[in-house]
């Protein structure tokens, strides 16, 4: 194997972007859909971790990692439904419910996940997109999981569906103005409930990627806040699913920057490099927000943009 | 945005609905542990014993409640002006770092003066940190929930950077830690109790901010802003100033928690400071329905549940995450009970 | 399909899930009633006690105590290094009658000393590189193993097995015990291949699965073909190395089942012996030193059995070095020795034996290591 030296840094960031972006991508697509309907679900961190745990557990118990993915999505749907139902009640604050759900989801996942910390579950398979290269580093960087491809396809599909289908119209109408949507005959709470359930499904799948593919292990520190970050990422991406995809790549790659720089001998400011995605998001929010108008692309009913 | 705080719609209602919600949560939790094979009644008894069953348990509970009172204010106060701030963890960390820095620039100064300066530094730094979120909201329209969340991560990274580099005490070789604030500057325990001064700070802060919010012109103005920003503007209130000052006080409370962690517990800043007090504080604030005075009993309740968490591991073989599950259930049930306010005639007649 | 027989069996997991806490509550009163006559041992862990790493190693030690008649064990996991650990220890003493407390995380030390000062009849022991000094409570002490001896052996094995001569080390933070492991590992490798180098990456914290996987990947990208680590839970490091098709060397406990192809050996703790000793000494009324240390010779640390890729000459060489540790003749840190900035750290003719406390505040990386002690 030949050393790459400095060339290893961009390659590591690219590989890291592909490897680490999938959970960001799924959670942010799910959150994007939920927010388009006018609700914010801050609890997706709990959903992500619950998905990671349940997916890993089921894959281990049955030997089928794909069944784990399905179960992870289903547990995400259950948490999403809980959010949707509680928020449907009058005067209930969706941000608060999200935080509650985050605590609950984390607690439940840690509680039920104890027996699965030790055992080794079968992993999801990878697709070798770097077959054309003779460099093992390039091949490793381009080793891609099916879920990443699904996510990459899902992003434009979701954008198209939001703009061109009847249910996409319903989601957007409900998200822009509940009163107008009601006048048009849309069942506001039901649309929001279903959007949150679908969002939870995607976030749960994002979790299963963490436990079943990369890093491919279950433990309580598995998600260092990816679920929470994805919520910020949606705002960063201006509620556009395709931009969510690129933002997820950016966030994933940023996480790989610290270790990659160290491997070529740059060790200063390590913690600051790790904080780069957070600083970046905050700066972009500052640069693009305004008090005079709501954010471009922001659903009108969304509490965080009002 | 709907007002989060505001006057309770009646004292009886404000007491009975949360109590009922708490009872429901405990029943749900009992069913949950029964599924895990534990005896719910025995678990309830353990929670009681671990939280309030003896003087030792009481002190354990109060000790754990102390930082939660302060971090809860970090969410409860901005809620009065209609902002949802979840930055308590970051403000605590920043307050702690400022406390250490202040002690470091005052060598040879008499301890009471250093303690006073550390209080100001911790509170000031925490206050500015949350005021930053409030200011970004007011002047740039940046959502304060998301920005305060991001500021948590940034604060922790900043602290880690400082204690591994510029503020590192080279004498502490085994773990990156900042300089010590000096043994004479440590504030220690409340006389006669095995609980540090953070408890007094917490209770006083809750009481003072309650008076401020409920019984002063400032508090009235803040709550008008929280109720309806446009109406407040029309009424000639300085919305930005009220919001910024409220955020500053909120951050100062969390910064005070950080100062206490340094001056009463750790003596130096290190990654041990990041213990989730800020996130638990959000829960306390919502359970207290953003009322600063109600924060005190709710923090004690949550502290009690945490105090009994160890016993659930040791006596019932339940995992440590049991505490997280109880907290999650209580939080969800309390939020789900929100629509019940104003629904019961009996309360309204009595309190009309 | 991968085997599910690794580690614990599927059946035992199901049993764990189903049983939960059955029967524990019922027997509670009985066990507490007779507690007076028994020795209650309390143990606190900073993470989950089945993490394939640091905490699991200690939990294995504590589990051995459960086998001793008349000993009752109370444990808490995920106890943060704040005032909460003080309260946990005091609760074990006040409510369970603990007479011996094991505090198994570095950050517990200061807290443990405070509690020890208040409870003079209870014995307190801390796992880590901490040193008892005059003036500290006399009922407190610490224990630690020279696990770098096992890392030195692992380094020899790695030096033999590596084709590129480039080794990798994933650390959490650049603190002395980590640096000592890195240095001993590198020195071991360089006895075999004087040109061998070790690239170090610090992740920044004790458990960061995604960063650890990222670190292994970027090491592999740099052409490194043997990876070892010092993080709390090496599971991710070992599994990622296996996935990348490079060799790995374990840490804390045995991870051979996680990497059947690439696992070479590993540096492991042997806490059951240490913990059992303490309990026996206490029951026999013996006193113990405030500072207990030991390496391969004392049986506190050990190496995992060699994996398949380890050649016969490598095994022989490693076993020879091990014999040197066992009879106490071999010293790792002998001058002249330079650090990786070219500065002489140990002068010619000078030597620091394992028990030398100077080694426990190591702040340099030996020649051949790429990386910095700053993070």
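By written order: A, B and C. Residues from 1 in each chain.
Going forward, a contact is a pair of C-beta atoms (placed from the backbone, for glycine too) under 8 Å apart; a residue touches a chain by one contact, two chains touch by 3 or more.
Since the model is a prediction, treat every value here as computed from it, not as a measurement.
The touch graph of these protein chains is complete, with an edge between every pair of chains. Should one ask which of A-C and B-C has more C-beta pairs in contact, the pair is A-C.
Compared with subunit B, the chain whose C-alpha mean position is the greatest distance off is C. Subunit A and subunit B have centres, each the mean of its CA atoms, that are 28 Å apart.
Note on chain placement: the centre of subunit B and the centre of subunit C lie 36 Å apart, centres being C-alpha means. Taken residue by residue, subunit B touches two or more other chains at 36, 160, 164, 319-321, whereas all remaining positions touch fewer.
Contact of a single residue of subunit C with at least two other chains is seen at positions 78, 204, 374-375. Multi-chain contact residues of subunit A, defined as those touching 2 or more other chains: 114, 270-271, 274. On the subunit A side of its complex with subunit C, the touching residues are 1-5, 8, 11-12, 15-16, 19-20, 60-61, 63, 112, 114-123, 136-137, 140-141, 210, 214-217, 219-222, 224, 226, 255-256, 258-260, 262-265, 267-268, 270-271, 274. Listing the residues of subunit C that touch subunit B in their complex gives 18-22, 24-26, 28, 74-84, 87-88, 90-92, 94-96, 106-107, 110, 128-130, 173, 175-177, 204-205, 360-361, 363, 374-375. Contacts from subunit B toward subunit C in the complex involve residues 33, 36-39, 42-43, 49-50, 54, 56-57, 60, 63-64, 160, 164-165, 173-176, 196, 261, 265-267, 270-273, 275-276, 306-307, 310-311, 313-321. Partner subunit A is touched in their complex by these residues of subunit B: 1-2, 4, 36, 84, 86, 136, 138-143, 145-147, 149-151, 153-154, 157-158, 160-161, 164, 279, 282-283, 286, 319-329, 331-332, 335-336, 338-339, 341.
Note for the complex: subunit C touches subunit A at residues 1-2, 4, 6-8, 10, 13-14, 16-17, 47-48, 50-52, 78, 164, 166, 199-204, 207-215, 217-223, 225, 233, 235-236, 239-240, 243-244, 257-258, 370-372, 374-375.
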